[in-house]
Amino acid sequence: MIKNKSGLSLVLSFLAVTTVFAATSPRPSAQLPPVTRLTAADMPYDVGGTALLKWDVRPEDTPDVLYQIYVSSMESGGWIKADEFPADTRTGDGIELPFWAWNASVREHVVKVELNNFYGEAQTTGPVFRFKVTSVKDKKSYDSQVVSAGTVSNWFRLDRLNNLVMAILVFIVFFWAVSHAKRKGLFIRRIAGLDAIDEAIGRATEMGKPIYYLPGIGNMTMVSTIASTFILGEVSKKVAQYDSTIKVPHKDPVVMTVAKEVVKQAFLEAGRPDSYREDINQFVSYDQFSYAASVDGMISREKPAAIFYMGWFMAESLLLAEVGSTTGAIQIAGTDEEAQLPFFFTACDYTLIGEELYAAGAYLSKDPMLMSALKTQDFGKLVVMVSVALGGILASLGGLMHWDPFTRIIADLFKAY
Amino acid sequence: MKLIKKQIPLAIVLVFGTLTLLTYFVPHKRSVNFLETMNKWENIVAAFAFFLGLINLFYSHYTKISRKADGWGYSIFVYIGFLAIAIPAYVSHGKNMDGSVLTWMGWAFKYIYNPLSATMFAVLAFYIVSTAYKSFRIRSLQAFVLFAAAMFLILGNVPLGQMIWDKLFGWTSYAISDIVDWIMHVPAIAGKRGIMIGIAIGVVVTALKIIFGIERQYLGKD
Amino acid sequence: MLKEKLNALLRIDRRWIFLGLTVVLFGAIMRPLGLINKEISKDTRNAYDFMEKLPAGSFVILSLDYDPSTAPELNPQAVAVARHAFRKNLRVGVVTYAAGATGLIEQLFAVVPAEFKKEYGRDYIIFPYQPSAVAALTQMASDLYGIYDKDKDGKDAKSMPVMLGVKNYKNISLVVCIAGTQMPTYWVQYAGDKYGVPVMAGVTAISQPGYGPYLQKKQLKGLLGGMKGAAEYEHLIDTPGKGTSGIDALSLAHVMVVGLIIVSNIAMVILKYL
Amino acid sequence: MSDTFLIAGAWISAGLTIFLFSFLYKDNPFFKVAEHLYLGAGMGWWAQVYLYGVLRPKVWAPLMNHDWMVLVPTFLGLSLITQFIPGISWISRYGFTFLMGYGAGLELPTKLATDFVNQIGGTIQPFVNVAGMSSFALFNAVVIAGGVICVLIYFFFSVEHKGAVKKASNVGIYFLMIYFGASFGNTVMARFSLLYGRFDTLYTFSASKYLYATQFILAGLAVYFIVHALMNRGKKEIEPAQ
């Protein structure tokens, strides 16, 4: 990929300069040797238009020395100043690339030259450009030899390899989980909040008061709503068994149609199809606050024994949970909307936090898709736990012992480029 | 028929999903050009998605009026509200300002849409106060920790709270802003990061399911 | 006897509490306490320092994605940040991905640039709303004119002096996203992490704690949170505005909330154990 | 724009604000009217933004310049709308699958980078400088790393929570509680700020310059509630949410 046409001249000048260098090593400060062993190449892993110049770090690289980079598109002359910087800066470790894609050496100056800044973008990828580095000290400048290179459009971001590996791992684990879930089922621990559901339904039956189940204001594409309908199935099955009553007010008509099916099925499975009534599910309002106001009214009139809030809730959580708590009902909530969790947590007896809601849905339904998604998430968490624990220990070890290349490897592995 | 109804759409999602995904790993000019075309297309298609919401709202209130459902009279105001903005917008050719002078549309924005939109959520401030009084119950150690963190934040956020802290706990030599900064930058980060990582994998799995046509709820029923 | 009274106190009609809040807050607006927020959080200071260090003439993107429903919190932030940018003689490009924001943006930029004698087209430019934030953010990595070819009035953007030498993220020194939506996350995810452009944000107080992980990892260079963030930034640029007066007015109401929680819980404890 | 219109604007603005607030006393027709106006006005505003800001420059103008490539996304976009037409609603799948494919393809690797790989990196990173770190900074780094692990254990569903796992997950809950507490505390400020914004406007409009808009409208609404209460005296009113 590197179109380096300076090979021969480079060797020649190298020979020439090393002899000079050897002869006059303790030189007076006014004199500065020109830069040698300059190479130009294409910047890897990019779209093109950026060239990479490298040359060795020298003992003369003090802050008062300046390097100037010149670029030209012509056979001779036509130099444009592309960059200028103090000689003690810009080494190989300044380029942000991981260890597997880049050798970050502090013994080398590395400078990226963005050709697009000086030439039209269409002409920068492909043609050969010429470069030279001029060292400046005390207003005197010393040119290096001229090297040339062209840039190309690359095909792979090697620096993003860690991301690709992780993506492929997630891919494999997910499809493995799907096939396992379908054949043998997967283990998911029982969610503590589910015990509270039984207790709440039991109490409602004793008191002879109704149960409210609010499926949130989300639509059927949301994982939280899907999980909520599975939990609704389980709750209504228990309700049917205990011969208690349940009410499910809705904001989304599509969710309502799904919920109707779910409740009907649950009553059938519990052997009580006779107690199923169409008005268990009722549509209240399309509008968030009107919905909340109407449901608040229903709750404060009927004073239910238990209220479930499961699904996607927004600001109305505040209005609902407060009224519920003042009626003295047992309240069990579950949502993945973080901003609402504090209100549920303070006003309810039990709260399923975020993924616990999905897990409860998966646990109850054994739905292979929910299960495998959850399993893949668990896999991801495992990766994080192990990496954080091991990486933390190794990084501090490396830090204490000053093994810089070692700590760099750890840091690079967990960095997105 | 199944081909054009189902298989081609699923092929579209597979092909466009995979190609767009690959642009992340392929820096080549062709990949950039492809992505640029996709960006422009996506931007236009997404614009039409707005009309779904518009038609949905108009239709649902139209049926309410035509069926004379409960409170159908209010539904008329949905159309009135729409026209109250749309007509001035048409008159002002979609411009808010004419130099430094409000146009009709700017006026409608400032005095109709702005107060409505702002007040809808300002109402919640009242419910926060009554929730704090009526249902914020410190029932357990967990709830107490939540309460304590909230307390530091509430006091630290306002100057009067900072003064009260200094009066009562000034002797500890910790300013409340130090404590708030610590809460926000140490334990809260751990909590949020723990939630975030699980959700990130969930999102990745969902994206995978969409690309491979496993997740197709959004297609609707046949 | 005490128990009955306490019970009655806890069951008080919530409209009395509403009235209490109205009195406390409206009173504070009519008669300000005059307290000034002096404690500056680390994140606000980082944001200020980052902007302060930019050389004059740098091109900065202001992504203003809030509609009237969160404007009282976020508009003061936007005003303070815009003032700072103009004072530093930075070039400002305004974008938005919230349709409700367009009117607020025009009202804001009808006032603030004039304070610094800044001219439209030379010192700042306002781009029109775009429906797909992800597409626009991705496009700006290679060629922003692919989507932002025209400004809000339909004039050619590329030929304006303010856009001189600006083509993609490589020419953009900073993105400040002030949003009541998920936009800061999008900026981090689709621009900051992916293409390496520095991003900082101003967000509502509700979402502020959620951005901690991005701040710790320096994916966000700084963060203003809610009205307090605005007040802090106003203090740093030494130009008090709506944030400073607002946070003062909120003082009493905040203390009232703390008081209510404590009083009601003490009452509960007495009812339960005495 | 003349003063008359500004005063009219103040009255409308103050009126709509107070109508929405009247919900706090109880649900009433004024609130419902304002609420429905809000839905419509929001759509009206969005419609004009899309029309003048997007469709005209992005679709209409290129078509006028014979840029036919725009037709592809336009057809995909229009296909979305067939969703409402029974029988041909399947056409909308073409638009939806394009949107979903593009979105999912872009999101997958970037989400992994931002919320996964970088978050692991962020947790480990402080330990690299362990040698030159203050003991407090080291303590914080350990708390963050330990906290992240404990929270993840709390959300780990593949093993039963017993013994050490249960202890760790219990510690995880406390980290979540601190996070939620911080978020609760800040929510208070956020909601109050919005209310402050509205009250500030109402206060402005209560000036004589605006002919005391706030006071008059408040008084009018109070009269309505009193009259309404008097007229319904004796009838058992359905108690609204208390």
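Per-chain numbering from 1; labels A, B, C and D assigned in written order.
The working rule: a contact is a pair of C-beta atoms (placed from the backbone, for glycine too) under 8 Å apart; a residue touches a chain by one contact, two chains touch by 3 or more.
All values reported here derive from a predicted model rather than from experimental measurement.
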In terms of C-beta pairs in contact, which of B-D and A-B ranks higher? B-D
In terms of mean CA position, the chain most removed from chain D is A
Return the distance between the CA-based centres of chain B and chain D, expressed in whole Å. 4
As a quick test, compute the distance in whole Å between the mean CA positions of chain A and chain B. 19
Let me have the rounded angstrom distance from the C-alpha centre of chain A over to the C-alpha centre of chain C, please. 24
Return the distance between the CA-based centres of chain C and chain D, expressed in whole Å. 14
Touching two or more other chains - residues of chain D: 23-24, 32, 35, 39, 42, 45-46, 49-50, 53-54, 102-103, 106-116, 118-119, 121-123, 125, 144-145, 148, 152, 155, 176-177, 179-184, 186-189, 192, 194-195, 197-198, 242
Junction residues of chain C, two or more chains touched: 14, 18, 21, 69-72, 100, 102-103, 130-131, 134-135, 138, 142, 193-194, 205-206, 208-210, 213, 216, 226, 228, 250, 253-254, 257
Residues of chain B that contact two or more other chains, please. 24-25, 32, 38, 40, 42-43, 45-47, 49-50, 109-110, 113-115, 117-118, 120-126, 128, 130, 132, 134, 136-137, 142-143, 146-147, 150-151, 154, 157-158, 184-185, 188-189, 192-193, 195-201, 204, 206, 208, 218
Chain touch graph shape: choose line, ring, star, complete or other and state it. complete
Could you please specify the touching residues of chain B with respect to chain D in the complex? 5-6, 8-10, 12-25, 38, 40-57, 59, 71, 74-86, 89-90, 93-94, 101-102, 105, 107, 109-126, 128, 132, 142-143, 145-154, 157-158, 182-201, 203-204, 206-208, 210-211, 218-220, 222
If you look only at chain A, which of its residues touch chain B in the complex? 45-48, 125, 153-157, 160, 163-164, 167, 170-171, 174, 178, 220-221, 223, 286, 289, 315, 318-319, 321-322, 325-326, 336, 338, 342-343, 345-347, 354-355, 358, 369, 372-373, 376-377, 379-381, 384
Residue numbers on chain C that touch chain D, as the complex places them: 13-15, 18, 21-22, 25-26, 29-30, 69-73, 99-100, 102-103, 128-131, 134-135, 138, 150, 152, 154, 185, 188-190, 193-194, 204-206, 208-210, 213, 216-217, 219, 225-228, 246, 249-250, 253-254, 257
Would you pull the chain B residues touching chain A in the complex into a rising list? 24-30, 32, 60, 120-121, 123-124, 127-128, 130-131, 134-137, 142-143, 146-147, 150, 195, 197-202, 204-206, 208-209, 214-215, 217-218
In the complex, chain A touches chain D at residues 160, 162-164, 166-167, 170, 187-191, 287, 289-290, 293, 296-297, 299-301, 319, 323, 326, 338-339, 341-343, 345-346, 353-356, 359, 362, 374-375, 378, 380-382, 384-385, 387-389, 391-392, 395-396, 398-400, 402, 407, 410-411, 414-416
